[in-house]
Amino acid sequence: MSIAFATIHELRKQLLAKEVHPKEVVESLLDRISSVDSRIKAYNYLHPERALESAEKADVSLPLGGIPIAVKDLISVRGEPCTCSSRLLEGYIAPYDATVIERLRAAGAILLGRTNMDEFAMGSSTENSAWGVTRNPWDLSRVPGGSSGGSAAAVAAQEAIAALGSDTGGSIRQPAAFCGCVGLKPTYGRVSRYGLTAFASSLDQIGPLTKTVADAGLLLEIIAGADPRDNTCEPEPAPSFSTKLGEEIRGMTLGVPKEYFVSGMDPEVEAAMQKAIAHLEGLGAILREISLPHTPYSIATYYLVATAEASANLARFDGMRYGRRAPGCNDLLETYGRTRDEGFGREVKRRILLGTYSLSSGYYDAYYLRAQKVRMRIREDFLTAFRDCQAIVTPTSPMPAFRLGERTEDPLQMYLADIFTIAVNLAGLCAISLPCGFTQAGLPIGLQIIGPMRKEETVLQVGYAYEQSTSWHTLRPPLG
Amino acid sequence: MTYEAVIGLEVHVQLKTATKLFCGCRNEFGAEPNSRVCPVCLGLPGALPVPNEAAVIQTILTGLMMGSSIRPRAKFDRKNYFYPDMPKNYQISQYDQPLCLGGEVSLPVLAFPKDAQKEPQALAGKKVRLVRIHLEEDVGKSFHLENCSGIDFNRAGTPLMEIVTEADLTTPEEAFALLTTIREILRYGKVSDVDMEKGQLRCDVNISVRPVGTEAFGTKREIKNLNSISAVRRALKHEIQSQIELVSSGGTVVQETLRWDDARGETIPMRTKEQAHDYRYFPDPDLLPIRTEGRLRTEAERRMPELPETKKSRLRETYGLSEYQASVLASDPPLADYFEKAARSTRNPLTLANLTLNDYLALRQDSPDPMSIPPEYFGQLADLVSDGTLNSRQGREVLAILIQAPRPPKEIAQERGLTQISDSQVLEEFCREAIAANPKSVADFKGGKAAAINSLKGFVMKKTRGQANPQRIHELLESLLREP
Amino acid sequence: MDHSVPTVGIDVAYVAGLARLRLSPEEIETFGNQLEQVLAYVKKLEEVDVQDVVLAGEEKGFQNRLRLDLALPELSPNEALENAPQQRGGLFLVPRIIE
């Protein structure tokens, strides 16, 4: 079996035992990429020479020594582009490392390349990319999900051992579910956002996309923890998240929100979910129905909060100090207007407009402020629910991967795909998505486990118990 | 009909911190362009702000010095508008929860321009109310080149404090006095050097006019970015006059934002920023709110200086100084401190004050650091002058020597033979000589022309090469001339 | 999900102006319709009782996280200007600013 198919844990063992050399790992991945990425288009940018060079010097005694990691193309890596899959950032070379990149480097990881995404992380399909769409490794006519679709597809197609993504409303978990891999969204403030191009500052978190739950825990341990450069980052150092891996979940109470099983869910997803619940019960967990009464408001709340923040966050992309400036303009106003019109894709413009509108004079209280208040109600729902359970289980997405082009011009339909993931970001919680079955057509289905704030070890424990007693995670897309 | 002006100010002051408001770049004027920048203050993708504690403390301290109420909870907001000197196209500022609310600044006479200090407005002791004091980041500096503009972001992100007054002012001189007073207070708190040359104080003014006795406000116009206290006075004078002319000739003032051309003495309407008044403020999600209670407030209180007005009255009462002397000393806190140290070594602080304000200040202008004189020597010198050992000219001479090489002033005086001739017999000799040599003056004096004594005095001073106490000579000559 | 009839009128051109987006007439129309749909949808937030909500950061036990006033390394002027679409004499060049 190709080295590229290995997990972080497997590879670490082999590297420490000197059964493989880091250079072989990189070469094996580059081979895999060259044989499948023309079909998938998971990567925006690769730097083979640099990766091979780091592999040469890799110290395998470090926690990620010699392990290549793919990074979503919106995290700053010194000396590399950071396009956010936007034409506007064409030509920009980041002069600094994000905190997570510093930590990956310090842990000995090798930076392999940059993965495709929806432009500025706005989207659920990775179709909104200036550099072309990424395809789902399980069905090339379908989307990989988004916005971290490139990272999820790369991991699923064995083009990466593991990857970093970012999650604002489900952007790690939903593509992980669509592609049949593991995606973890940490508690807000757990991982420093310094160097992560902001979409919605109060919702964004960086997290791992991996082949297994244990790998997700390991990667999170490396990147998490206090950072004085991010005011919203928790001041505590990251604990060991993997301590409870392997502990049984017998007697643990898991909540199942009744509001999540109403209308619009794909029957195959619902069936897989019921099976997963039964399986967890089989492991000794106590499943209990809970209520999250403000669930119907989460999408509206999310789109107001996220777009308002985004409208300001994306104002800096104006072609004045970096990026692509529209040529041949006559004055300042025209330069702004054309640079941003030519540089941004339709979804980004749509969201900037919504955010600008909802903050504009006279509307702030009715839209943004009200949404922030409803957001606190959604958070209270979870606080109440977690009095009766230690984690909550839901489907990650109400449907499996949809076809390319199916939803691009129906924003509301696209937004509704995020219904189960969005509330987690609004409430600042942690959650993991892992494979829990397949549709008849062979598309992966994701199980989401939501934990209270700072309880990553619980979602990892439950996820691990489920994963280790099922075999979904061992299946691979039919790519040859 | 007579009109009065209604004026409010927004005063922007650059704070004296080592680093910028939200990043660790040095807060330094005059560096090579774009050499004090980082991903944060350039607004690069992914960079995040973290507030500088010192800037927050200095703003709270300013609030304490100006009697504001320090809000227990404050937050930062984003003010959205596009401008090439603003890297993120939003400015991090404070909207509805500033650090300080309210406050008051009273206008002392000497804060008014010299030519207005005798006017009733200067003597009124007016108090100007403040609306708020908040903290925000400054923008970069733009240079207008031939067919484009060039931007230096060294200033972008440096801490800027904004003090907003109520529209309590009615004359350009009051605005001048307010700014002078604010400048003095800020220097006292070591919050800012308020160096106009470096653009550390910039001011927006709002002006409207209304018939005297009416309550309703007229339409206001705003002049932006005035960068010196005297320019504020000139711009206001011009603007008030033109508004009054307009209104009294039947016209109406149109709300407008103006720029002041100081060289040409006229206002020019600004073309941009007009449409962009929809700033879409919202709380900056990158920044946590700030709780001022506890450490921040305690630290500001610890740094609270004695305020200028308190210092002035204390100097007057403790040392018997005049209002003027106290004000000049108080306007220069290090000098006032030095004076107070020296005052411990003299029996006559008033003489010390004269020495300080007349001779010391004059000498200080062209010598490097006269404060290197140990204060006790300076005090002793004041005693030598006040007890008549040295006259004032000699005092000045000793002072000059003291600056070069500090030694006890008595030693210097003796060494240089500078002590006054105090031996009465010797002095009497000189006086008799003067009387003998100037019969005409003697006759004039005896004929009732009292001033004639001055030429006799001059004769003695010349003979003694100035080493006599003029007052003593005067007395001696008088008694000799009155001898039968 | 509720797709009620749009009730909000948006001046898309004004909003696009604020956001410095130069949109085509086609975009103005399409986005206008889509935004009205989204805004009609978010109207449902009015149903939620938000009285006495305590916003984030206003909770008890909140701790400040401020930075000490200590200098950190800056970028060199070359690094700073490396990405500038146009530069000269150490300055970022931009279209003429009119005051």
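Which chain is which? They are A, B and C, in the order written, and residues in each are numbered from 1.
The criterion applied here is as follows: contacts are C-beta pairs under 8 Å (C-beta built on N, C-alpha and C of every residue); 3 or more make two chains touch, one makes a residue touch a chain.
Owing to the predicted nature of the structure, the values given are computational and were not obtained by experimental measurement.
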{"item": "Touch-based graph of the chains, sorted into line, ring, star, complete or other", "value": "complete"}
{"item": "By mean Cα position, the chain sitting nearest the middle", "value": "C"}
{"item": "Gap in Å, rounded to a whole number, between the CA centres of chain B and chain A", "value": "57"}
{"item": "Separation of mean Cα positions, chain C and chain A [Å, integer]", "value": "22"}
{"item": "Between chain C and chain B, distance of the C-alpha-averaged centres to the nearest whole Å", "value": "41"}
{"item": "Multi-chain contact sites of chain C, meaning residues that touch two or more partners", "value": "18, 20, 63, 65, 67, 75, 80, 86, 92, 94-98"}
{"item": "Residue list for chain A, restricted to those that touch at least two other chains", "value": "92, 95-96, 202, 228, 231, 311, 315, 318, 320-322, 332, 336, 356, 360"}
{"item": "Where chain B touches two or more other chains at once, by residue number", "value": "38-39, 42, 50-51, 80, 82, 84, 151, 278, 280, 288"}
{"item": "Chain B partner contacts - residues on chain A that touch it in the complex", "value": "74-76, 82, 84, 89, 92, 94-96, 98, 193-198, 200-202, 228-232, 308-309, 311-312, 315-318, 320-322, 332, 336, 356, 359-361, 364, 368"}
{"item": "Sites on chain A touched by chain C in the complex", "value": "91-93, 95-96, 202, 228, 231, 235, 264, 294, 296-297, 299-301, 303-304, 311, 315, 318-325, 329, 331-338, 340-341, 344, 346, 349-350, 352-354, 356-357, 360, 367, 370-374, 376-377, 411-412, 415-416"}
{"item": "Chain B residues touching chain C - in the complex, by the definition given at the top", "value": "17-19, 23-26, 32-39, 42, 50-56, 73, 75, 80, 82-85, 142-145, 147-153, 259, 270-272, 275-276, 278, 280, 288-291, 295-296"}
{"item": "Chain A-touching residues of chain C, taken from the complex the two chains share", "value": "1, 3, 10, 12, 15-16, 18-23, 27, 31, 34-35, 37-39, 41-42, 44-48, 50, 53-56, 63, 65, 67, 75, 79-80, 82-86, 92, 94-98"}
{"item": "Of chain C, residues touching chain B in the complex", "value": "17-18, 20, 57-58, 62-77, 80-81, 86, 88-99"}
